[in-house]
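The structures come next, written out as structure tokens.
The following pair of complexes shares a single chain, subunit A, combined with subunit B in the former and subunit C in the latter.
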Partner chain A sequence: MLSRSNLDRAGFLLFLILAILPMAASLAYAAGYSVGLVGLLSEGFTWQYWARPFQEGNQIFASFVFSLLVAGAATAITLAIALLLVLAARRSLDNGLLAHLSTIPLALPGTVLAFLVLQWFSGSGIAARIAYALGLLQTPAQFPGIVHDQYGVGIIIAQVIVGVPFFALLFAQLWHNQRIRQLMELAQTIGAGRRQRVAWVAIPLLLHGAFPTVILHLVAVIGVYEVPLLLGAQSPQMISVLTMQKYGMFDLQQKPEAFICAILYTLLSLSLIAVAWRRMKHEQSPR
Partner chain B sequence: MSNRPANLARIVVVATMGLLFAAPVAYLVLVSFAKHWTFPHLFPPQVSAELWQTIWGREQGLASSVAASIFLSVVVAVGSTLVGFVAARYVSYHRWRRGLLFLSYIPFVMSPVVLGACVHVIFLRLGLVGSTAGVIVAQMMFALGFAVIFFASFWNAERKALGEAARMLGATTLQTYRRVLLPISRQPLLLCFLQTFLFSWFQYGLTVLIGGGTVKTLPVLVYLYTGEANIYYAAAASLLLMIPPLVLLWGNRAITLRFG
Partner chain C sequence: MILTVQDICKRFGQQTVLQGVTLSVAERRTLSILGRSGCGKTTLLKIIAGLVKPDSGAVRLHGTEIGQQLPEARNVVYLYQEPLLFPHLTVLENVAFGLRVRRASASEIASRTGRMLEHLGMESHAKKFPHQLSGGQKQRVAFGRAIIITPNVLLLDEPFSSLDPETRATMQQLFKQLAQEYGIASLFVTHDLKEAILMGDSIGYMADGTLTTFANRQEFINHPDYGATKEMEFWSSLRQQTTTEEYAASV
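What follows is the complex of A and B.
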């Protein structure tokens, strides 16, 4: 018992009061609001608001599917580029120039990231100007719309920009921690070629080691806000943008839908966190 | 000789990625010094330092936004690092360690904006919406989750034994912290401070939601300039927003490399 003092208990109590309890209370309030038990629209228990996502033209499920697809695509592209990078330029990532430069995208806040993608890939952006200089287009309108587009290409580009250095550095660290070089040498002694060593030893080990982080990254991208707010289309919207839009509307009838979005998002995130959690290495309690 | 194509490919990959990684800062610097840089110009037709000479005078809100961002981030980082440090010690030695750590992952990973929409009601009732204090408390909700997870692995059996040895030799709780635990915790405390500082420094959605438009930090200003299509001011504000994270991340890397 000596290991836990009153100071530790006070700290934990503060953590509960400042973080866990408000979150639990607010989710309980959201659940109550969505079934008509609390809030300005409260008229007793009802499932009527929960029926809305199933009505034709409602955006909630479309928004969830869109968010999952965008997050999935961004994560897959990010992992592919980061793997390529760590396989081709691991030494530079360890302590070379790339190690320093890779910090730059990590220092990009969401608003700046969105601003940059807008400036680079909009109709009159840098990519369009390069295409103009190459004689591929004459007016900005001819440039394909990859920001504010219905496929979320701009959002995916933004998430890849910030995700690649993060995963490249993580893979570089895993390369050393999991002794992948030694395992590849072992594979070579039993006759594996270079491609086989990469495909059957290095990549599976890196992805296996990074799996919990990949899932947590997926959860984070599903809930990203600033980037789709500036780069997304009016429809479909990422779930965080839709939640905020419905929450901020003057039409109070939209508020229960905002809370339904929040509850569904919480359930989805908790499920994904639980998947990541099961694969994390947990140290034994030092009790 | 057979390695030459592979080495060439490696050089191309490193050079391409290096350029791509450096591109954000290079572009923002260029825009902040550019004048009349419109389609189809690939490079600015004119460059001038005028914007940097006049922006502080013209944009009264910029200096106050920088000050607000620094104040908020420092308070959130100090508060969540200190509370997280002691709370994680309690969590680490608790029999429900795993369950409590899982709870900590919720604020750490989930979208601050989506959860913020739910918490907004509580903050309204407490009169915290539209105030700096409200934004600090809201950001701390999420930063604390990170801090507890960060320190949970720090509090291992070795540190537990150190603390217990000090207590058995007659040290009070405060003496144990001051003389034994804090001296061996300087580096993780600093790293946690840097990370929680960055979390707060980057925050836009939660600041707007709880700040109600009255708390104007630098990310809020970048969003406003971008919305107004004022690319030159947006680039300047973006650079100001990126300087502290870059310094801190390079510092973070240096600390990690130095101490392992």
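What follows is the complex of A and C.
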């Protein structure tokens, strides 16, 4: 029989073989491709492909900025709505109807979610028809283009729909785990009014507790694929869509740029995860 | 009297938790309430703090009925059993919380908080977060945060129950010293007989939702029903026995 330490070692080895090694090999291949060491275009080491993202008019830089802004906006709106929900309807989130309803959007695949947003918010969608029926628009076509738009509003709406229930449930859980009710009562007897209790105790504690998850959510939204593919504009594109587009192009000159996108996205994700990890480590630091 | 509680009754469903509880606390004095777990001590404290509404009865501060006042307007601080600190704030920020709430100026906050940390012996820990402190240190900070706003009454719900005996003794001394220095009236709830006698200027005994109060320690100690005399007899007989054994061994 295997001892505990041998089991630990075997588990670690399995993780290394199945998760880390393939990822590291892919990254090494991508890095080699991006500097001309491997691939069909390989003509020896060169930095020429890496210079491209920084040239004027290149899509990669714009795409990164766009992805960060969309992910930041979607995450901020998601957190704001989830906080409002947990402050206003915590009991229902604990074990009421809201707790059950919240799981429905979580179960939706990205493609279905994008399709729903398209149905509701496209120029001839349900929202446009309702607005027209209510007399708010003269023709349904007057409905503002919030799908396939250059600001990524459609993508943000889709991400908010799936993000809000997730964070609302997480916040409801944190409310109990972090003993926020008791801390709010304590703050109240110390003299804090309702607004002060919410602003100085509840919100900071919920955001504090959810910080690593918020970072992971941000990373996930930056890299989300199906939703921007179906709801995004031709330009600017989210980084995942741009990467796949460059990877699948007939023009093989574009392929190294796809690998550069993948490397830059990986570095960005790892940096954000490192921030979350550092924070968690700080909180576990000994006396 | 700074605090007067008159004929408080409270039921939760079919269960009567408090029935006709009456007590009073004089300025700068501590009333210890001794009682077993579940006898209604915590509910009584929460009613005084305004966190739980009584079914009947009155709570008065300086003779004014405060039943309708919100907890934040009472200036009556309730301290939980465990030292509950705001985990996202440093020691300094925790202590300063009540002053910030009252919109005190930055210089006043700095000077009063600095002085309080000095009293607590926590100056070198000012920038630490609660998870970096020991149980005793957390309790010090919790005291400091409560006392810095000089509350009308401080309500302590078995504050030392989770501490080891040595830290507990230190904290008892520190609390007495701080309460005297800042002139705080307090209600100290405990299930420990020795602690009740040690901390209280007067003592109450709570059982099944009713409270019996004693004007002074001696009256409580002399009463045959509450075990103080038996406890003292036990310790003195143990001492006598040990002394006899030691003497026999030496002979």
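By definition in this document, the second predicted complex is superposed on the first by the 266 of 287 C-alpha atoms of A that agree within 3 Å, B and C clash if a C-alpha of one lies under 4 Å from a C-alpha of the other, contacts with A are read in each partner's own complex, and residues count from 1 in each chain.
Basically, a residue touches a chain if its C-beta (ideal position, glycine included) is under 8 Å from a C-beta of that chain, and two chains touch if they have at least 3 such contacts.
Nothing here was measured: the structure is a model prediction, and the numbers come from that model.
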item: Touched partner set for A:5, first subunit B, second subunit C, both or neither; value: first
item: First (subunit B), second (subunit C), both or neither touched by A:118; value: first
item: Partner chain in contact with A:77 - subunit B first, subunit C second, else both or neither; value: neither
item: Touched partner set for A:193, first subunit B, second subunit C, both or neither; value: second
item: Partner chain in contact with A:185 - subunit B first, subunit C second, else both or neither; value: second
item: Which of subunit B and subunit C A:244 touches, first, second, both or neither; value: first
item: Touching partner for A:201 - first (subunit B), second (subunit C), both, neither; value: second
item: Between subunit B and subunit C, more extensive residue contact with subunit A; value: B
item: Interface residues of subunit A shared between complexes with subunit B and subunit C; value: 283, 285-287
item: Subunit A residues within the subunit C interface of the complex; value: 178-179, 182-183, 185-193, 196, 200-201, 204-205, 208, 283-287
item: Complex contact set, residues of subunit B against subunit A; value: 9-10, 13-14, 17-18, 20-22, 24-25, 27-28, 31, 38-42, 82-87, 89-95, 97-98, 101-107, 109-115, 117-122, 137, 140-142, 144-145, 148, 153, 155-157, 160, 163-164, 167-168, 173-174, 176-177, 201-202, 204-205, 209, 219, 222-223, 226, 231, 234-235, 238, 241-242, 245-246, 249-250, 253, 257
item: Subunit C residues within the subunit A interface of the complex; value: 49-51, 70-72, 74-80, 84, 86-88, 97-98, 100-102, 128-129, 131-134, 145-146, 149
item: Subunit B-facing residues of subunit A, complex; value: 2-12, 14-15, 18-20, 22-23, 25-27, 29-30, 84-85, 88-89, 92, 95-112, 114-116, 118-120, 124, 126, 128-130, 132-133, 140, 161, 164-165, 216, 219-220, 222-226, 229-230, 239-240, 243-244, 247, 258-259, 261-262, 265-266, 269-270, 273-274, 277, 282-283, 285-287
